[in-house]
Each structure stands twice: as C-alpha cells, then as structure tokens.
Amino acid sequence: MESKNVLVVGSGISGVASALELANAGVSVYLIEKEAVVGGHSASFCCKATDICSKCSACVVFDKIKEAVIHPQITLLTNSTIKKLSGELGNFRVEIIHRPQYVDEEKCIACGLCTDVCPTDPKAIYSPFAEATPFSYILDEGLCLRFKGEKCDLCLESCPTKAIEFELKAKEQELSVGAIIVATGFDVFDAREKGSLGYGRYTNVLTGLDLEQIFTREGYLRLPTNGKEPQNIAFIQCIGSRDEGHGYCSQVCCKYAMKLAGLIKYQNPDTQVTIFYIDLQTTGKGFAQFYEKYKESIRFVRGVPVEILQSSSGELEVRFEDISQGKVCRDNFDLVVLSVGISPRKNSWDLARILGINLADDGFFDKKDSLSCNETNVDGIFLAGTCQGPKDIPDSIAHGIAAASKAMQMLAESASRRRGN
Amino acid sequence: MNGCIVAFCCEHSAYPAADLAGKLRLHYPENLRVIRVPCAGRVDVIHILKALEKGAAAVLVLGCEDGACHHITGNTRAKERVKYCNMLLKEVQVDGRPVAMFNLSPNAPHKFVSAVNEITKIIKESGR
Amino acid sequence: MIIAERKPMEEIKQAMAPYKKVLVAGCGTCVAVCWAGGEKEVEILASQLRLARSAEGNEIVTLEATVERQCEKEMVEELKDKVAEVEAVLSLACGSGVQTMAELFEDKPVFPAVNTTFIGMPEKEGLWVEMCGACGDCFLDRTGGICPIVRCAKGLLNGPCGGTRKGGKCEIDPEKDCAWVLIYRRLEKQGRLDLMREYYSPKNFRAVKRPGRIQAAKA
Amino acid sequence: MEPKIGVFLCNCGGAINNIDFDAAVKKVAKFPGVTCVNLSSDLCLEKGREKMISCIRGENIERVVVAACSPEFQEHIFREVLEKAGLNGHLLSMANIREQCSWTHDGDVTEKAVELVKMAVNRVRLLQPMEKKELPVNREVLVVGGGFSASNTALQLSRVGLRTTLLEKEAVLGAGTEELESFYGFDTGSMISAVEVDKNIEVLTSAQMTEVGGKIGDFSVRIRQEGGEILRKYGAIVLATGHQTELALDSEPQLRAEGEAISGLNIVSQEQFCCMLGNSGLETEPKTIGFMFDFSDENSRFPTLTTLNNALAAKKKWGSEIYVFCKNVKVDSEGMEKLYREARDCGVVFLKSEAPPRITAENGRVKIEAKDVFLGEDVILACDVLVAEELYLPAEGAENLSSLLSIRRDSKGFFQDENVHLYPVGSEKKGIFFIGGCRGDLDLGRVLTDISSVVMKVHELLSSGKILVELEKVKADPQKCVACLTCIRVCPHGAIQLVRVDGSKEVAEISDLACDACGICAAICPAKAIKFQGYRDEEILAQIEAIQEL
C-alpha cells in the first residue's frame, strides 16, 4: 500500500523545519523525539541581541517549535525511539517504542500543584526548563518514592486535570511511512575529556552551552561561585574541533563565542573579554558588520591554552603561549568559557545499523556522494541537520527544508512511476 | 494605584516574551495593561496620545529587535513614531509621563520584565 | 499640490486660550496628502490641545470633523450644526480653505492651524519640495521644464550667477542643486542649448491684479 | 443593536488561585452587551469545549470572549470551536488572565483580571466576521540565471511538476562552473542537455528582464530578447544570478608596487590559475607559486576554498613550492579542514600575518614581504606566479535587478536583507526567492541546500494552484483613499498597488495574497482609509477606554 506520510526522527531545529515544510505542503508527518521535550540543543540558546539583532536565529528556533507543536498535520511522539525498520522507499514499516511518560503532556497545564505536594527533596516532579515545549512537568523515576516501592500518590491526587498516571509501561507502535528524514542532531563535546582545562573541577569553567543556558534562564551572567559580575572572561576556541579525534571545524563556536562576548560587553561594557583562537571564522551573512563593531573591544590572542589552574582566591590562571612575544604566559580570569564543538551522537552507530545507512569516517552519517546534500545510500532515507555534519542554525534549517524537498520529490517520482506514466 | 502603564506588545516578540515571563513566574508591577498588536509598526501616534489622555502613567511600545522585525521596517517605524510622540508632548509641556520603545525577542522574558521595571522606576522618580 | 506645515504649538495654544469649546476641522485633499491637515492630524492636534489644557487645569472640549475639500462651499456647509455649537473654529486647511470656512460662518472666529507654504511635490516619502511659484506667466517650455524663479535661490531669469559651486551646487545652499545648471544639462540633452543665449526681460509681477480671477469660458 | 456577547472564564483546573472568580463573574455580568458568563475549569480539554458549543448555540451568542491562558497556543482551537457552533471564527477575543495576570503577580489580582476581560469585551463588540477563500495562482516559475544553481532548480522543479522558464543573459547556459568542474569533477554538459530535453523547462538565452509588476501568484514580467519584447505571467520568481570575483589588486593599498610596474608581472586570478592548470601546453611550469587571501575581505569562505583546491592541484601536477599568505584560514564549511590538512601534508606552506603583505617586483618575479605571526619575523619570498586575493562580489547587474524588483539588499550588496526571518531563501516580498552565490558567499554544500529549499518553498506556494487567504483582512476604502501613494511607499512587502476603479479614479488596492498583515499601512494612511480587521483604530481605542483607574 503506497504511503504518503513521512517520519522525521529527532525534533531538533532541522527535524522541526523538515516536519513544518512537509506539513505545510499537506503531507502528514510523524515527528518522534527521544527526550520528553521538543527542540534539541538549539531550543536552549539565548537571544544574543545587543542594540541590534546579532543574527543568531535563536528566536527563529523558538517560533518554529511553537508552530510545529500546534500544527494539525504533525503527530508529535515524544519519549520514543526506533526499534526496527523494514520495507523500502514508498512503503517503510517502522516499529517505535514509547518510554513511559508519567505526565501526559496533553493534559498537563503546568500549574505546579504537584511539585508543592511532592515530599522528596530534590523534587521528583518538577517544572521543565524555560525553553521546554510542550511545557509539561517531568517526573524523574530515580527520585520518585513510588518507584522505590512506597505507596505515595500525593501528586496524582493533587493534579486537577488527572495528567499523572503511574501504571504506564513502555508500549510499541508500528508506523507505515513513505520516506524517513533522520534529524538526530549532535552531542556537545564533553569538555571533561580535556582534563587539563579543569571543566567539572572548577565551577567557574563553563562550556558554551552552559553560558547559553545561563542567559536563557537567568537573563544575565553572574559567577557561579559568588554570584558577582565577572570582570575578566576568557573564551577558548576549538575545544573538541580541529583536533585528532575531530578532523573538522564545528563552524559554530567562533560565531557563538563572539556573539556571546558582544552580549556580555553590551550588558557590562567594562568587562574584559579575551578570545583564544586558532583561525578566527568570521564568515556568514550579516557577520561582517558584527565583527567590525566588536573587533576593537575584544582582545584576540592567537593560540589555544593548554592548562587552567584555580588559584586559592578562586581566580583561574590560564597558561598559554603568547605567539607575538614567543613565550609562555599566565593570565588570570574570573570566568573561562570553553567553546565546545559539535561531535557525532554516541548512539549513531546503532541507529545506522537499524536504518542500514553508512557512517562517514568522522562519525557523522554519510551522504550518498559529494554532489548530493541529503540523500543516503538507502533510497527514501534522508539526512537533515547536524547528524550529517556540523552546521549553524540557519544552515540546519535550510538543510532540513532541503531534506523535506528531496523526500517530497522522491515520493512524487515513485508515485508517478507506480502509476506508470 | 498611581495609574497604569499601557504597553502595546507586538505579537511576534513582546507578547510571547510576556507569556514566557508568566510561565517562569517572573514578577513585574501589576499596573501594566498589555494591548496585543500584529506589529509595533501598527501602533499609531493617536493611540499613544489617547492612552495618555485617559490618564496612563506611561506608554510602552515593545517590538522586535532592530534588524529582526518580521515585517522588516515595523520596529524602525515604531521608533520614529515614539520619537515624534515625545516631540508632540514636549510641545505641550506634558512630558512628565514617559513614552518609550523597547526592543526584545520572543525568547527573552527577562528583557520584558526589565523594561517594565525600568519604566516603573522612571515614573517613581518623576513623582507622578 | 498645495503643501502646508503645521503651525508651532505655542501659537495654536495662545489662539485657543480664551475658548472652552472649539471645532478642529481638517481637509481631506492636499493637506492630508502632505501629512499636515488630514483626519489623522486633526485627531492628534485635538488630543494635544486636550492634554495641554487639562495639564493647566482648564479643560477644553473639542469637536473633530474632516471634509473632503474645505475650499468647496457645499462641503464646508455640512459642518453648519457643529460650528453652531462651538465658540471658535481651528481649521487645518490651506489658506483658501480657512477663508471659505470664515466666509460661511462669519459669526465665529476661524483660526488657521497650518502655514500654507508652496505648490510642490514629494521628493521622497515625507519630504516635499517647492516646484511652482504661481507667477502667472509660465516659461517652463524654454527652461527645459525647470522653473528658475522658484528653484533658483535668487530667482534669476538669466542665470546662473557667478557663484555656482563645484558639482553644480547653489552658492547660497551647498545642498541644493543650482537650477540653471540643471536647466543647462537638460537643454543639452534635448539639443536645445541655443535657448540659453536668449535674454528674458524681468517679469512684471505688479501687472498681475490681486486677487486673481479666472472665468471659465464654457460656464 | 448590541451584539450578544458570551464570556467564558476558565480557572485552569485551579492553577489560577489568586483570582476570586465568583466576584469576577458578578462584575463581568454587568458589562454592557454581555448576555451570559460561565466559569469552567477545563476549557482547553474536549469536555470544556463541548459545553462551550452547547452554550453558544443555546443562548445564540454572537460574540465570544475567552478569559483563560495565552492565545498563543489556544486561539486557533477556540476559533474552530466557534466555527463548530455556527459562528464566524473571527468573532473571538481572548483575555490572557493566566500567563500575563495570575502567574506574574502575587496577591489578589481579581481587579486586573476583570479589567482584562473588559478590554476583551470592548474589542469583541466591534469585531466583524471575515471570510476565507482560495485565490487562484499562476503555477509558472521564472528562474533568472543560467548557471549551476539556476539549471538544477529548474530540473528539480520540473520533477515536482512545475513549469519553469530559465532566463539567461548570456548566449549559452552553464556559465561560472569552471571551479565546480575542476574541483568536484562536475559535468556541465550533461546538466545542460538534461535541461534542454526536459519538456517542463523553457530556456530563453541572451534575454533580460526590463520590467516586473504584479505580486505573488501573478507577476507580469517584460522580457527583452534580440530586440523583441514579450510579456509573460509567472507565479514566483527565483533569482540565481550568482556572483563575480574581482582582483583585490588595484583596490589594495598594500599592493602598490614600488619600482617596476606590477602590470608586467605574473599576477593572476584564481580562475586564470584554474585555466593554467587545465592547459597542458604551458611553456614554463611555475616553480614557486604564491597565494593570498583573507586580508581585505575577512567575511568570505570562497577564497579559502578556491586557494586550497588550486594549491593541491598545482602541487600534484607540477610539484612546485607553494606559499599561502593569509590572516585566518576559513575552514567553516564541509570538508574544508580535511582539505587544509591534506594541503599541509603535501608540503604547502601557510604563512599567517596580521598585516597584509607588501608586493614588490624584483627582476621579473613577484616579491612578497610579510611578518609571519609564528616566526615573529619578516618573510621575503620571490615567486614566479602570484594568485592575488579576490573579492567576492555580487554579479554585475545586481544593482538594477534589485531596483527592478524593488527588493532590499544586504550591507555587502548581495540580495536578501540581513534579517534572520528571511533565511534561507526568502525575501521580504512573498514569491520572490534568492539562491546560491547571489545571496552571499556559499560553498557547494550550501548551494545544493539552497536549491532544494527553494524547490520546497515554491512547491508549497504554487503546486496546488490556489492559496487560502482571509478575504479583505486589510482593505483600503476606495471612497476615502486620495491615492497619495504613502502606503505604497511604506509597505515592506510590496503588497499595495494603484488600480483604476470605475473608470477614472485611481485608488490603492491591497492584495490579499501578498499582504502579510503587519498594519504599517493602516497606521500611516493620512486619510485613515485602510482598515485592518481585528486591529482597527476603534478596536484598539476601545481597549484603552476599558482601562479604569488610569
């Protein structure tokens, strides 16, 4: 039986963009997501506007997610992953597993009554982060007393719309779709792997993603240790990019580092900001103006530091080679931000096995050939976004729309071939 | 109740930011009254003057960030109109009550709250 | 079309000081198109007046009306009952509109709220420039369609003067193009440069009887 | 006669706990025109909506106010509820008493909630019904340009069943694909033959647009070809006019050569170097080659891409010594870091300097001096050939094309304003799209993505042949309009045109297809002739009236 609908795996910005384009073109879309909330990493990025918009597209992500969640043609399945795939282009059968979601996102109205009555500390049922869509409460099995054998259902009683349900088991479902768009996104490079930089040991060493989430949730930057405003900040580029394990430039770190630096300088002009870099990537539409404006006020040092030590006073001492003087220097900073790059998903290997698509040598999914941008070696399965390689938000959206376009073209062709004309 | 602040909120940026501020239970003064408009460029000088005539303590126009307006020139036009409005008020020596424009994006609830707090501070200082 | 500019607020407030109830009357044609006296400007001016007077503690009641053209007796006639209710009329029309209103309602004082400035056209959105001085003796055909009486700062008939700046700019205002340089270039393009050699005797402005009267032939 | 208004309050299942709903219901009942007020706790669930429909039908209510959560998520659901109850979906006004009232203030906020409802009631009283209608659109697409992007767009559009016209100002298709051929082994010939054989594509060569009018779904384009002019109608226009490169030689201060004139020396562009590589009959193969990029233009990726590919090709073909002078190597495109490493492994020397190098001439060879950052001292190199830095610029003719279509360009002159809501391929005018080099410097991966994206966007707009619009949402009243052209100049989406109405009078007409409902024209119209349904001046002023203790 010829199926016209499409399965989009992963609801990051490129998955959402593909789903929206197909839905607006009348195709019915299954959008599955392994987490409880839609949006992936880019949903938690902050707006980096100073007196003018710094073109980071975080608000476009916000708008598109909102549009996708309420779109009638898109069936959203959170907490679900692919188990098995069979069939071929135009007639795929996909088996999906739903992890039990104890709070039904349709019913939950985020009133917070359950959190008030919950006896555990930290609370087992809590409000999602600011950027979460659907904005429904999350129940953590690890903390909840009921999953430790106790008969506690205080939250179940207090819930006005009966959204909480404990006796849920993982359930399976089979979908028949015409094409599949893989938009599983990326893993943020774990900065702990670079032990000498002290991420995870020193609280004032953050990653780029941490800084984004601080601005999204608090709106301004305070030192994690003492809550004061940092006076002296360092950004270290190429963490987990352009090194032995990652033979590629993650394309996003220089841009988000400079835009965050611009935001910090705008909020507090006398903060000193230093960016340690290998090659400054100042490309992209609209970035020339931004770079001209902040070129003078940010100190750029060529060369990536190797070690960060925390002195007794809590200040971070960064050891780096100052190339212009040709000797090793030590500078003190209140805060160090490691601009972590984009790495392939840890579980991309077993998804590739299920779908039968190849992995490229750098760990991302492989394109069919150098002249195609979404097709994979399996007809009918397309790649969208950072699962195929590092991209920034506008490129991920464009890549998602392109994947939708290719899926739609292939469906149109296979349908006409079947009709024999 | 020392009079209300009337805020014309663009439905692409300021209105969703106000909703997000609500979801995060961020608090701001109660005397704010939000009027939803399709774009900051829809707000006309007469709307602001009529609000002031009705006794508003201050009038806010909240639009998208400069350069990120869904309708390209909506927020710049609004900025011009607010400037023109302030000039009109100065002509009649009624410039004790602020008319201000703020730019923000839909995922910046903190900017919405700080805009409202800033205007409330200005009103208190001018002793309205 | 006729271009006008709103009078400074100080003047209008003084004119309206003695009155408690006034009619603010706008005109829907020329002054509306140049954003000086249309329906929108009527509302803004009325609102300003009410704000100013309530700040001074002596309220003013304003009636607002805008007719299609204030220089037509039949159209201004429609305001008859509104004018009856008020003590004075503040008209945002050009000079001829204000006088038509004053003629029809002689018992009530009529005050202009705009200064009628010139006959002109929009250079770009929001910027109007003077094009014609209504001298009554048009000789645009011989100056390539550019009027030196109005667009040359000195109104020379046989320009350009000796002070033209580099780039064909006017001696008096470096921003403005010298009208005669523009005339020269256009005539050059049309191959009618011999017109520049002609001598134009001064126009006899006194001969034009004021006020002008034109009786159409096919009445 | 006052319309009968029904107000539906929702306490959100108890989540809204700082509003005294009983007092609120009493106060709301007293508002003029309100015939029934109901309180429920689950308006957004199926049960609540059923009750609402039966109440609207029962009390034959003509206007509905819903005081509950934010309209962002629920407004379209309540519009469907009204339609099910037989009421026009537009006669609804929402009061946000949850996110913008109960959740953001502590203490009792009943007073504010009642006032928000009063504002919604005042507005709903003036709302007028609006019809939806499907307007027909022309399904033909005009693709301007004849290079890689344009031809591939036409091929993919024909695959989804849309007819395209390729407009190429040169005599032949396939211009500007030299780099693609040499770097990726792309075969331009097969692309051109595929275009010629495709019955959905009509090719007009050595043709140019002279005039564009109309709007999305109905563009009328005048095309000049060999002296003759034809007028054609299109539904959408895609610009794929590509880019051009220009040597940064004459514009570069530091490239002033002291002593010998530099014109005699062997300074070439990347394209010329590509051709040198191509032709085997070169008399003297250059022994040392210098490359330069990223000094006068730090925003382009293209110079790095072409330099790395040419350097590698030269190394393999002639084995000559290659020195690259640059400030930062732009590797933020797919596969660029791999190329950069491959070049270094092959022995290409990269010298990074902050200041641009000084070019001088020395007995017939090009001398380059630059202070290398890592060595910390001046490097002086004499080389046979210097591939000078190139500026990546919009194709010539971009200037008059953008004035022809009256669309905005970005700060470097490329098409597409730097507004994130237009990305990836849109413009501020619906139905006009840009792809490839004409909207910025894009590497091959991004160009391919652009092509497929524009195919999707055009398919979405045109393939069904009709677009559903709200009829006369923003309308200019012909009686009041004095055709002062202000709205036409102000409209950011070019949706307003002058049309002749009943014979002589010309008035402004707002096209429902092109209008994006922003209301800028309604605010600026001097004669207040433009009405924006739902946000008319009366409706906004009525909300201000409702604010009590101002």
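Order as written gives the chain letters A, B, C and D; numbering starts at 1 within each chain.
As a convention for this text, a residue touches a chain if its C-beta (ideal position, glycine included) is under 8 Å from a C-beta of that chain, and two chains touch if they have at least 3 such contacts.
Source: prediction; values computed, not measured.
Visitor: Which chain pair is joined by more contacting C-beta pairs, B-C or A-B?
Guide: If we tally the C-beta pairs in contact for A-B and B-C, the bigger total goes to A-B.
Visitor: Taking each chain's centre as the mean position of its Cα atoms, how many Å separate subunit A from subunit B?
Guide: Inter-chain centre distance comes to 33 Å.
Visitor: Per the centroid of Cα atoms for each chain, what is the distance between subunit B and subunit C, given in Å?
Guide: Using C-alpha averages as centres, the distance is 36 Å.
Visitor: At what distance in angstrom does the C-alpha mean of subunit D lie from that of subunit A?
Guide: The mean C-alpha positions of subunit A and subunit D differ by 24 Å.
Visitor: What is the distance in Å between the mean C-alpha positions of subunit A and subunit C?
Guide: 61
Visitor: Where in subunit A do residues touch two or more other chains at once?
Guide: Where subunit A meets two or more other chains at a single residue, that happens at 53, 55, 59, 66, 110.
Visitor: Residue numbers in subunit D touching 2 or more other chains?
Guide: 72, 418, 420-421, 490
Visitor: Out of subunit C, which residues touch more than one other chain, so two or more?
Guide: 40
Visitor: What kind of graph do the touching chains make: line, ring, star, complete, other?
Guide: Per interface graph, the chains form some other shape.
Visitor: Pull out all the chain pairs that touch, please.
Guide: Contacting pairs: A-B, A-D, B-C, B-D, C-D.
Visitor: In the complex, go through subunit B and note every residue touching subunit C.
Guide: Its residues touching subunit C are 44-46, 49-50, 52-53, 88-89, 91-94.
Visitor: Over in the complex, which subunit A residues touch subunit D? Could you list them?
Guide: 21, 24-26, 53, 55-57, 59-60, 66, 69-70, 107, 109-113, 160-161, 242, 247-249, 251, 254, 279-289, 291, 302, 323-324, 326, 370-374, 389, 394-395, 397-399, 401-406, 408-409, 412-413
Visitor: In the complex, go through subunit A and note every residue touching subunit B.
Guide: 46-47, 49, 51-53, 55, 58-59, 62-63, 66, 110, 130-131, 135, 216, 218-220
Visitor: Where on subunit C is subunit B touching in the complex?
Guide: 8-10, 13, 40, 43-44, 47-52, 54-55
Visitor: Could you please specify the touching residues of subunit D with respect to subunit B in the complex?
Guide: 70-72, 96, 98-100, 103-107, 109, 112, 115-116, 119, 408, 417-421, 428, 490, 492-493, 516-520, 522-524, 532, 535, 537, 540-541, 543-545, 547, 549-550
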